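Okay, so chain A shows up in both of these, paired with chain B first and chain C after.
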Partner chain A sequence: MQLVFNTLIAASAIVLAALSFRLVYVTARFFHFAHALTISIGGYAAWSFFNYCAANPYWAFLSAVILTGAAGTLSFMVFLRPLMTKGASPLVLLLASLAIHLIFQHTIALIFGEDARSVWSLEQMPVYSFAGGHLTVVQCWLIAFAVGVSVLMGCSASFSIFGKQQAAVAEHSELSTIFGIDVLSVQMKVFLIASAVGGGLGALVGMDLSISPGMGFDWLLPGVVALLVGGIYRIRYVVLASVMLASVRTAVIWYLGSMWQDIFIYSVLFLYLFLRPEILVGDEMQ
Partner chain B sequence: MEYWMMIGCIFGLYALLAISLNMVAGEMGLMSLCHAAFFGMGAYTAALLVTKLGISPWLSSLLSPFFVAAMAAMLAIPLSRINGDFFAIATFGLALVFFSVILHWTSLTGGAFGMVVDLAPHGTGLARNPSKILLLPICFIVLGFSLITRRWRRSPLGRVLNTIREDQTLAGSLGKRVGTQRLISFTVSASIAGLAGVIYLWIVGIVDPSGFGVMDSVMLLAMVIVGGAGSNRGSIAGAAIVVIIPELLRSVGLTGQAAANLRQIIFGILLYLVLLYRPKGLLGRLHVGVEQRT
Partner chain C sequence: MKTKSILVSVSLIIGSLLFPGSSPTERNEVLAENINPKQNFDCKMFLADADSSKEKVQSKKENTPVPIGVCLPLTGPVASYGERARKGMELAIADLQNQGKTPIRLIFEDDQGKTPVAVSVTQHLIDRDKAPVVVGSAASSQTMAMASIGNRREVVIFSPIASSPELSTKGGDYFFRVAPSDTAQASVMANWLKELGIKKIAVLYFANTWGQSLFEAIGKDLGSFGGMIVASDGIQEGQTDFRTQIEKFKGSQAEAFYVITHGKEGGNFVKQAEQLQVKVPIFGGDVWSSPEFVEVGGKAAEGCRLVAPAKLAGAKYEHFASEYAARYKEQPEVYAAYSYDTIMVLSQAVQSGAATGKAIRNYLLDMPSYQGVSGDIRFDKHGDKIGGGFDRYIIKEGKLQVVK
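Moving on, here comes the complex of A and B:
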């Protein structure tokens, strides 16, 4: 039962990373590597609120979500928007995103140090037992947060006006402007929501495990693999792919140890690249 | 004096890495984020051949770039099907896998502590003062590869690579074998990075995972873009900046981890500014991030 719980926890983290990354990708049409930073910032924000402001874990989580959402929107306005207005290609935006990541990951390392630290000690954390397995309260939040975000994003993409605006901006931003859509506002909302979700993931993972400056990539990259395997425009398949990757990850950790998990996760990606490259380039926008 | 010779060797090493990465990132416009992995693969292969198989340092130094080339050729097959940001993601994943292997396969690689390897043959004086003896050969190697890649750029293959960069469909319609050309260029570039890894091992005599991580690959790419894509002068300028920044930081009393972090921050800022204001880099010939027509 514990293995099922572990798979569920990992799947929740991967799905949150995948869906928040996807939100930026489908609207702005570039791989926003610096999205990994939102996870790190979320973790460090929760740690700071928890330790310096003596906030309880609920407030630390909420404050981290708000702060990261604001930071993500600000980074879009300051760094990415000037390039977008100049008509930069997706590859240039990807490189700019890497530059942002390089700048801020090392700034975090300069301020907080390179060492991993825990936000909330395990001794103080309530633990629930179900059918022979154990879940901490933070792990329950993580699962609930992932389910909530998946349902909301799925419904929003299919039924809401915002979802349709997003699709329109992604398809043709100039035409969207002509038809009266405020493209900047849509893009800002997308970065706000995606960064807030990333920050929430970082805060929860930080409370459950530990935080370090490079923690963002540990969760973002499995998320990106799940996104590519599941198909960028199909949310339910992204969720399924996340569960599949989490199962692979749990099995690898169980049989071989945690150090080999990355290798197996990227093997899945390469298997897909080799067998079905068309899923990457031929995925039709729905 | 010895210190400045060591700086000269490091500069030569970075210049060689930048020139080799330029063949893929500059000439073909493929943002490879696993170049530090090939660099590390060269160093680790030479170290393992010497320590585990007892092969002579000379022979292991010769064999390592070929091993890296073989590995790169195998990886280039699935990579040849993808372009643009998907290529960047895939190579990013490769770099992570390589880093994970050298960090965690402790019995083979020594894990985080790495391996101390004595490559210096007795009586050459290399063990006592490697930079003094290696500086001149490194200069010749950099100059040699600089001339070769310049010649390569002007050859029919170089022109095909530039065509592929701009329009793969056009290159294919002209009867050019796009996949093969990409494979050749990627493999040659990786083998030069492998050679740089061997030289690194000759200089420092120790190999550990630091320096071969994903962010090191990003920094190598930044070096090519900041210096200028599609130009050896640009690559060398990028390498010079990488070497100069720590020295400037040292002059203001910043050393160790703080200096390493600051160097990455400065390079990140430079990369961003170049992308925003000067897409050809300082001395570049080609714009970065051209959208390929596939």
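Moving on, here comes the complex of A and C:
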């Protein structure tokens, strides 16, 4: 049973990373590596609220989500929006995003130091046992947060006006403007939501494990792999891919050893890229 | 055109961030020299008197401190070790200045805890700064790479911290260190397990030079008294989720877990082990003596046992500790003391007239015993410090306590 819980915990983290990254990619049409910063900022924000404001874990989590959402929107307006307005290509935006990530990762290291830190002590954290497996309250939040974000994003994409506006902007931003959609407003909301989700992931991971300046990229990369395997356009397939990758990871560690996990995960990615997409996830690439 | 210029600018920014260079903020020269008024006078006389110019140039060379390169992880996952080592070295330079001795100057560079950067930095220090010695690094993987360069270029590589047993055999003729080899650490750990009646252990280890060699050493030492490793897993640095590995170890009927990782990974491991209600004792490597382990592990770190370099004592160490505390407002730990002794020994070598890598190497191999703050220092033919050992520790109330 513990292995099932381990898989769920890992899958939840991957889903959150994948869906938040997907939101930015589908709308802005470039690989936004600086999105990894939202995970780091969420972790350090939770730590700061916990240690300096004596916040309880619930408020620390909420505050981290709100702060990271705001920071992500600000970074879009200050750094990326000017480049996009000038018609920068996806490659330029990717490089700019990478530079932003490196600059602020090192800034976090300068401010907080390189050492890892713990956000929430174990002795204060309830642990639940069920059928031989154990879950902490933070791990339960992580799973619940992942489920909630998946359902909300899926419903929003299919049924809400914002979801349709976002799809329109992703498809053709100039045409969307002609049809009266406020493109800037949609883009800002996308970055706000994506950064908030990333910040939530960072806060929960920080509370469950630890935070360090380079943590963002470590948690984002499996999400990107899940996104590529599951397909950019179908949220349910991204969720399925995340569960599959987490299962592969757990099985490989159990039977072969930790050093094999990355080999298998990236082999899965390569297989997907090598085979036709319809074989794995259907014909949604339209 | 505009897009191209933006692309070039962004590439330059990324290049300067990714690749170390000789930027003023990274290079930090600690000059152990006083301004000598005679030198200024000599510069003017050089123009007036050509006959004595050679002697004066010779005199100027003799007064010039020998450059000593220092390659440490000042940023990155093991930056805490690099910082402590740097503080110990700077204190040594300050003490030399106070004694009126100025034989060496230190040139600090950051290897970021990465082997390619350590290699690049070492080559810069040798080629650009003409350093006959490069002190560093902290991690055994980086030190091994630096040692191969040192042996090719006849430059001494002197590590104050690296402890992998592999360095004794593969470090080469130009490798030296003051930290005890992990061969001794594995032996102390195996004896401890034997005394506790523990014969079956599960081992989680870093799959790098340090972790791999300590894993092999403990396996050999355990086998000598009938013990065995019933489960093991090699991991990469930076990994944080060990729940599956812990579950595997629980199923192996191990009587203890031995975790050969840094403080961050160790802290996460013990935290998750407590969540998963692991009841067996957990032992760690010497690096668990870092504050990071207790910071990350929290309450779960209580009762964890480890083997680390022996607690230092004696009048010389007490004096060093009080100077260190006065300067840095914190208590020193063992790697700061090793780093201090490293600089003192090298200073002694240079003062004896050794100025090239070969001469310094020969001095170190034949030198008389030096009484350092970390104890008696002499080297064997492998460059290992003779003597010096490890103590057993247990974490109580967040602090290391020696176990007799």
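In this section, the second predicted complex is superposed on the first by the 267 of 286 C-alpha atoms of A that agree within 3 Å, B and C clash if a C-alpha of one lies under 4 Å from a C-alpha of the other, contacts with A are read in each partner's own complex, and residues count from 1 in each chain.
Convention: a residue touches a chain if its C-beta (ideal position, glycine included) is under 8 Å from a C-beta of that chain, and two chains touch if they have at least 3 such contacts.
Quick caveat, the model's predicted, so the values are computed rather than measured.
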### Task
Return fit or clash for chain B versus chain C, each positioned on chain A through the superposition.
clash
### Which superposed partner A:Trp260 touches (first chain B, second chain C, both, neither)
first
### Touched partner set for A:Ser89, first chain B, second chain C, both or neither
both
#### Entry: Which superposed partner A:Leu221 touches (first chain B, second chain C, both, neither)
first
### Query
Which partner does A:Val137 reach: the first (chain B), the second (chain C), both, or neither?
neither
### Message
Tell me the contact category for A:Glu114 with respect to chain B and chain C: first, second, both or neither.
### Response
both
### Message
Quick check for you: in the superposed arrangement, does A:Leu102 touch first (chain B), second (chain C), both or neither?
### Response
both
### Task
Classify the contacts of A:Leu152 with the two partner chains as first (chain B alone), second (chain C alone), both, or neither.
neither
### Query
After superposition on the shared chain, which partner residues are touched by A:Thr250: those of chain B (first), chain C (second), both, or neither?
second
### Message
Going by the contact rule set out at the top, does A:Val127 touch chain B (first), chain C (second), both, or neither?
### Response
second
### Summary
So the chain A residues that chain B and chain C both touch are 83, 86, 88-89, 91-92, 95-96, 98-99, 102-103, 106, 109, 114, 259, 262
### For the chain A and chain B complex, residues of the former touching the latter
30-31, 33, 79, 82-83, 86, 88-92, 94-96, 98-103, 105-107, 109-110, 114, 217, 221, 224-225, 228, 259-260, 262-263, 266-267, 269-270, 273-274, 277, 280-281
### Query
Okay, in this complex, where on chain B does chain A touch?
29, 31, 77-79, 81-86, 88-90, 92-94, 96-97, 100-101, 103-104, 214-215, 218-219, 221-222, 225, 257-258, 261-262, 264-265, 267-269, 271-272, 275-276, 279, 288-291, 294
### Complex interface listing, chain C residues touching chain A
2-3, 6-7, 10-11, 13-14, 17-18, 75-77, 79-80, 207, 233-236, 238-241, 243-245, 247-248, 263-264, 267-268, 271-272, 274-277, 291-292, 295-300
### Touching residues (chain side chain A, partner chain C) in the complex
2-3, 5-6, 9-10, 83, 86-89, 91-92, 95-96, 98-99, 102-103, 106, 109, 113-118, 121-123, 127, 134, 136, 209-210, 212, 214-215, 218, 249-250, 253-254, 257-259, 262
